[in-house]
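Once you've had a glance at the structure underneath, I'll fire off some questions.
Letters A, B and C mark the chains as written, and numbering starts fresh at 1 in each.
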């Protein structure tokens, strides 16, 4: 493989949930810096059906080129269909670096694509830099739930591929007068219908959407009983959030498995996490430590949960929760 | 329906500590367990077998001690277990790992209707192996399924992605990776454990049985290299307050005000 | 000489630990406060063969070897000593003797219900006047036709409150009017067997310990375990095996003390450093850890000897003696490490302290164990 024949930084345009999901724009901003170092361009690859408005957004946020494949068969994200199209484009245009947001689709699609191409891929990166000596992309990827970081490189295969954690980089502001090239490569599209979408619906109210909640209220064994745990639901309602639970609370039957936070449950990064009666075992904290602000309540002043809290309150979980609800009911 | 489950033996992550001088994992005294999501995948396979019959084969690529994970899989209820082990497999990234697993799966007769894995492992966290095995075997894939139902020659699955619940029909053979909502693993009966270790067998395949050459596997067959390992910077620790319940709740309310949580139109929408 | 657990033993430990953490740890404190035995959890455990640990598969048991058995009892006891006590007594001195000395008919009638946990078993030896001195037993079995009539008072019967089958140690008049031991299997519902109220104890409060009275209790000869004249053998063999189970149960308590104390000492800061940086605390932890390791090795050795069929009277006495004293030792130091918090019921260490003490008393007091060991030394088995 001749590395010199590959050039350019590509970004997969993940436009689903465009207004909440800003990761493509964040990647464009980061890629512009990398592109300056490598003296090359940033191209956003956009696949979909009637997606021209996103192409314009990408231009306004800093793309040098937007490559658009607009076709009815690409209406829904579909791994096999997309893999075929994109692999073909990569073979033709030979980008040196190819990035995607580590969204659920990105994390499903990019490994398959990397395997089809036969190149290396790092996951959920929290940093990207060009190594000054070798010119390689240094991809910083977390492991052990974020406890250990690895700097990974792909020395001999191209493109160098990585999925990137949303929220790590900052997007450039919208610039309505930015200019860029928009290209429409001719591609043969074959729909793979071995996976068919029968229906999709929004998760209903009452269905837990912990990952999207701006506020998460979590309870653990320190709440003592189902009766006290149930008070978390009122607290969540008052604060506009959702209820999560630790494994001991779920094992005690106080909540269903869909509320499990932590290593084998959900990872949440809400604006605010209030964690009550949880000791802060590592299996739990790996799932919540990314929250912007953490308030913890525990009667043990040495509970590990206080190590990750911005505000720690040493007291009985049940008493504090009951009192807090009283005050909030009056206030709101 | 015949099901293959790919598992990985991983360190018991909550017990993990990092050696700051060598930036490696301290493995002494740390238990090795089956990756928790892989146990859930196996449990899902057991439930499907209970309803529809068939055979469950569990495979893992790992050093010889991974046999322990496979015997545990037997105790859970697997019919057959295969250890893919060879010194040449060491240092594999997901590209090389998926190659070995895919080759092994292709040797199963009959070829499984479903291949199940956990969505990701608690050590590497990549979530790549499932899709990459699917790619090599040209299987349709769905990642992170929370429900699986058999319908003729397809499975109907649910996948929650970015606030939407997708119901998908996938024609078999297919590969699915599972999310934690799918099911909870049962507790292993001790009699099954005893039998798994004393009466049952573990098949062992190396590069020879798999028909692989050393440059296709392990470090040689990998595209990525790890240059260095390091610990992330520590998270801030805020203040810890002791006081009466009233004082504490006052502090909490002040914090909520400061975050503008109480300003917004909260409550049911 | 291998010191590492085998793969099987490692997985068994993990499996038992997971069950203990999920099912027992959340309820252990409450069991201690209410004194209520958790029947639901016990039934779940029974379905997983925790009540037939060393009984072969053919009778519904797990068929584990003795080392694996010790590991399971340790892990269960670490989470909840009262349940650990329940299963070790049930397995070692109730179910196992029925397996070892029961005939085919008795195995069918009694062993399978015990191994599957359908019935919880007890071992009734102690009486108001017979503690360490078993020769003072007053429970008598008088021949009556084809069977016997039992009269007597048994006290401090572990598992008594929930038991379905009870092994009753009694005296029978042997040939030539000499008394000899006899063990009878008596169903709880048999007429003439009465259970008293559960005891209010210092520790192990979740275990339903109660007195059992036999009042003209008529039992058929088919309920006698072992041949007449075998009674002493049954008694001694049972006691030796029971020691290992109780030792493992005591070890579980000791390990629990070390685990919580280590964690506390790591997190608690005084004088600007964690407790683990103070020499005194390091000494406590080191002494606990060394004794716990030693206790575990003694238990494994005794288990290995029993498994291989070799004589293990001295080794099981050593294991029981040392593990029991280690449990009490670890609880005392552990509580001291916790300081004021250790005295509070908000922390588990005070429960471990109360649970540990009885380990030096039941299944043969430490004084009796010392006597057994000393006699064995005198019989000539001094150096290895």
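We take it that a residue touches a chain if its C-beta (ideal position, glycine included) is under 8 Å from a C-beta of that chain, and two chains touch if they have at least 3 such contacts.
Everything quoted here is computed from the prediction, not taken from an experiment.
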Chain separated most widely from chain A, comparing mean CA positions: C
Core chain by centroid distance, with centroids computed from Cα atoms only: B
Chain pair with the most C-beta contacts: A-B
Separation of mean Cα positions, chain B and chain A [Å, integer]: 19
Separation of mean Cα positions, chain C and chain B [Å, integer]: 39
Where chain A and chain C are represented by their mean Cα positions, the distance between them in whole Å: 52
Of all residues in chain C, the ones touching two or more other chains: 22
Residues of chain B defined as touching chain A within the complex: 13-14, 16, 18, 25, 36-37, 40, 93-95, 98, 122-132, 134-136, 140-144, 156, 160-171, 174, 180-181, 184, 222-232, 235-243, 245-246, 248-249, 251-253, 255-256, 259, 261-262, 264, 266-268
Interfacial residue positions of chain B with respect to chain C in the complex: 31, 33, 65, 67-68, 71-72, 75, 187-191, 193-195, 197-198
Chain A contact footprint on chain C (complex, rising order): 22-23, 25-26, 264, 267-269, 346
Residues of chain A defined as touching chain C within the complex: 221, 248, 251-252, 299-300, 302-304
Chain A residues within the chain B interface of the complex: 16-17, 20-21, 79-80, 83, 103-105, 107-109, 111-112, 114-116, 118-124, 126, 138, 141-157, 192, 194-203, 207, 209, 212, 215, 237-240, 257-258, 260, 263-266, 271-272, 274, 281-283, 286, 289, 293-295, 297, 301, 306-316, 319-320, 323-324, 327-328, 331-332
